[in-house]
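Here chain A shows up in two complexes: once beside chain B, once beside chain C.
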Partner chain A sequence: MNPTITVLVLSSIGFFSGLMIYVASRVLPKEDESLAEAARIKEFLPGADCGACGYPGCFAYAQAVAHDKQVFVKTPCPTLAQDKEGMKRLEDYLGLKAEATVGKKAVVHCTGGSHPIAEYDGLQTCAAAVQLSSGFNECSYACVGFGDCVRACPTGAMSIDEERHVAVVDWETCIGCGLCVPACPQGLTELIPANTPQYLACNYQAKRDIPGRKRCPDGCIHCHICEKVSTEGAVTWDEKKDLPIFHVDQIDTAIEKCPRHVIRKTAAYEEKEAEAVASTQESG
Partner chain B sequence: MNTHVLEVLGLRRSAGVHPPSNKLGAQAAIERAPLPQTVILPLQQHIGAPAKVLVKSGDEVKVGQVIAEAGGFVSAPIHATISGTVKQLPTVASSVTGKGVPGVVIESDGKDEWIDLSPADPDELSPSEIISRIKEAGIVGMGGATFPSHVKLSPPPEKPIKTVIVNGAECEPYITADDRLMIEQSERILSGLSIVMKALSVKRAFVAIEDNKPQAIARMQQAVSQMKFPGEVSVSVVPRRYPMGAEKTLIKTILGAEVPEGGLPMDVGALVHNVATLAAIHDAVVLGKPLVERVVSVTGLVKTPKNFLVRFGTPAAALIDLCGGSDERADELIFGGPMMGIAQPSFDAAIIKGTNCVLVKKSDIREEYDCIRCGRCIEACPMGLMPLQFVNLVKHEDYEHLSDFHINNCVECGSCTYGCPANIPLVSYIKVGKVELRKLGVK
Partner chain C sequence: MTNLFVIFLSMALVNNMILAKFLGLCPFFGVSKKTKSAVSMGLAVLLVMLVASAVTWPIYYYILVPYGVEVMKTVIFILVIASLVQIIEMAIKRTNLTLYNALGIYLPLITTNCAVLGITFINVDQTYTFWESLFAAGGAGTGFLLVLLIMSGIRERLDLADTPLAFKGTPIAFITAMLLGLSFLAFKGMV
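Presenting the complex of A and B:
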């Protein structure tokens, strides 16, 4: 075939296509401005795609904010809320002030005090280990320590205490996304409001006691003393589990009186303490 | 190796594996184990709803007395297995689900006093009376799955049972309880069979026995020819291959029919009962005796492997002592066979309705490697599944796609794990996958 024809045909196809693109760019509507806006908002977000906000990732959240800025005011990104400067930058950009919300943090209701009764050599995941008679520890509610929650955590806030074989949460890095809650087959992880000063580090349910499977030296003995010594409403009793539930009030006497010392202070407790000290110094 | 000629020529697919049978106690006659001092009876020894407790602490009970009634249709009552006093009503770990269920602890008075039994002539009972006697006796599938027997015997009218298969395959290595029962008490089993055939007016029955039990085959053939049945009964010798004793494999081998996904044997007009279950049905219907004891093989690394007639709630350690104690290498106790059995956390674990074997062994832990996609698990799977896909999906926590590969068809027989060159514990992954899939609510 004559090469001239080939060149001519290809060039004309190219020219025609170019023309069509030019026409399309003139005639068709412009790109959705909110998409570009969402892309700009996303720059301010942490980018962990953790889903704690309720949207399926950071870009989806940015899109929602680009559509309706009130989304940011009502439900600010919980991860960004940890970082005051980052929050300020996004607030400045949007020209809005987010409502102060109390975030959530994960706690693990176990101290890891119970000893193993049998050697477990099966699949090294919690989900597999608890299928054999609720784990291999003396306490059948105990953390088995294979770290299904550690693998679920997007920020690395969960870790396994090597000495006690129990999951621990670092409140500094925990963003309260709650991915660890369904990951725990023993149901030990729970999200509590970030201003709760204490939690119960035990999940031993007396009403479902298993003989030969004893509670550990740290375990709650269901004596109700925390409920008795605290102001009304600060501690309520979960009848189904036969365990106390603590609320936002600080319960120093209960922490002291607990015969098993199983009520653990959270980072919020220390913050409150520091604030109290600062205010007494000011007034003094 | 006992491979069919068609399999050698590649004309028939031979799913399953051939583990060494190790039937150590095959020549040991059944002995009655001494009565235990205390028994711990979990109120869930079956698949279905836990039984509801009827006694309280301090009550005097006799052997065979109902201590817990069935908690629903798919449930079974529990009877006292020794006479004495109810000590405690604690929660115990169910060996069926692993979770805590209510239990009853009875301390023996040493008298072994029975309740008054009401014998009956099965020829004079109507089918519904037979089924209600079986239900009251608390009989469950004693091959290990512990499915309440009266449920199997009450098919809906649109699914009539045409064939009864007596499961004497006992394909799991080590276990000899059913083998001994067939040799020593074939009349009891066959009497149970004729009761079941009468109750469902079935005209055809097969007694399936693997070809590695010549004594049992001879004994059963002889007994079948001597007894009268309401229909045609024949002994069917099946090839030795694991898992031949799995209900669905047995139906496929004998009837050539496949049970549909999510279906029951009654969907293909079949009913499979283990030999021990049929013997218990005989006791319940003819003698009025509830299910309080069973034959258990104690085998593996024990001095002399034996078969015992054991009351439920007896601790395994007591049986191991009767066999002259365990070898010093032994560090693992399994209820059931080596393929499907469940490891127990302590040697004091109690025998329940589904415990056919107490296997003492040395733990054999192998390092797990990555899947090399050799496909041996696919070849081994008796259900025609692709086990390696389940492992991949579970490892990636992609649980919702497990149902695309029909994970619920898996019978957890362990054939895939047995042959895996990478030592992947496939069944453990599949069990986790099934639990997670159920959490997602995908059927």
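Presenting the complex of A and C:
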């Protein structure tokens, strides 16, 4: 075996391979422009990959926007929409104005008022606890407080109130992605429009059962008072669940009149209150 | 024709790359957690195996053998396969973005995959003809894809099973691989 030939064969094959890569990079069509553009757009996005926009992640959304800018106008990133400054930066970059949309926020339809009637020592997840006769609380619709929603939440907006063993949502950090909705085995989490001033903190649905007062000191007793004292259409009744549904109208009388005080105010209520105060001061 | 078919089948099942020859074990454990990525990886390996066999065969028989430098085959095959994968990745990225999203990130992983290098050596050792080596590569790639698919399916279900704490994760995957290898032993003697 001749060493010269060995060296020559190896180096010539190496040289040829390098040449082929160079030729390929010149001959092949240029890289898709939208890919680089998408990488730049992604810098402006929150990067939580929550999927609230309907795309499988932030980069997929950025690719869609890079492909067709109208995607951003029609369906702006719902997470970014909560952050006015970040939204402004991306709008400036794209030179477009997104259509104003009302974001969504999560609420938990439970106050945690129901007491445990059994000791549970199994797997410390909600999904497992609920498998056993719908949880261990007196109310079989109640939050069991093991925090499946906390683990699902990408921003840490969900937390467990240690005292009452119930999940609570921080609307400041909630981005309305809805990942907590399928995570809750009791179906207590729900997305509501971010401008809704109140929600019902109870999910007690049994239609012909003895009303909630027996099961939980806070539960809805299906008395329909909120529907009666509010203006037409502000409160509708979900016949299937036997619970009221609140809409964007503020229903102060109903919140006051509710015998169980189970209609909770949201962050949007305080905002509206503050706005109302500000406007009266201006006019006065 | 029968010969080609026998080679294909024996490489896919009897002499399965992973379970009989113990090649390509890193992707076998690394990429078999999800069926989707396992299929992508398997397809990428199949593609690279075919191309690598088609290119290394002429290099071996028309360059290395005439100059009498067969000993250099390891380093030269690695060199050729690595640059080939570079070109394939570039071509896919620039022509078909959807395909790149499905396979792209797995291609660079394969450059130094021992299963790919292994099939080129097997072709040489068995003194296969050009078409025989192509069928061997196709069979090996298909077998790789098949085992990765089976393993990922089992592991997805294992995640839901109530495994003892000490066996959770990789240990139970090793035991599963052992049982899978045993069941593939049944193909011995088929060809």
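To be clear about the criterion, the second predicted complex is superposed on the first by the 277 of 284 C-alpha atoms of A that agree within 3 Å, B and C clash if a C-alpha of one lies under 4 Å from a C-alpha of the other, contacts with A are read in each partner's own complex, and residues count from 1 in each chain.
Simple rule for what comes next: a residue touches a chain if its C-beta (ideal position, glycine included) is under 8 Å from a C-beta of that chain, and two chains touch if they have at least 3 such contacts.
Predicted model only: the values in this text are computed from it and were never measured.
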Exercise for the section: Kindly say whether there is room for both chain B and chain C on chain A in the superposition, answering fit or clash. Expected result: clash
Practice task
Mind working out whether A:Glu232 is in touch with chain B, chain C, both or neither, as first, second, both or neither?
Solution key: neither
Practice task
Based on the superposed arrangement, let me know which partner A:Pro29 touches: chain B (first), chain C (second), both, or neither?
Solution key: second
Practice task
Using the superposition on chain A described above, determine whether A:Glu163 touches chain B (first), chain C (second), both, or neither.
Solution key: neither
Problem - Chain touching more of chain A, residue-wise (chain B, chain C) - result: B
Exercise for the section: Would you sort A:Val9 into first (chain B), second (chain C), both or neither based on which partner it touches? Expected result: second
Exercise for the section: Scan A:Ser17 for contacts with chain B and chain C and give back first, second, both or neither. Expected result: second
Practice task
With the two complexes superposed on chain A, say which partner A:Glu85 touches: chain B (first), chain C (second), both, or neither.
Solution key: neither
Completion exercise
chain A residues contacting chain B in one complex and chain C in the other none
Completion exercise
Interface with chain B, chain A side, in the complex: residues 117-119, 121-123, 125, 127-128, 130-134, 136, 140, 182, 185, 207-213
Exercise for the section: Provide the residue numbers of chain A that touch chain C in the complex, in ascending order. Expected result: 1-2, 5-6, 9-10, 13-14, 17-18, 20-21, 24-25, 28-32, 35
Problem - Residues on chain C engaged by chain A in the complex (per definition of touch) - result: 59, 63-64, 67-69, 71-72, 75-76, 79-80, 82-83, 86-87, 90-91, 93-95, 97
Fill in the blank from the handout: chain A partner, complex, touching residues on chain B are 40, 88, 90-93, 95, 98-100, 103, 105, 331, 342-346, 348, 363, 365, 425, 428-429, 431-432, 435-436, 439
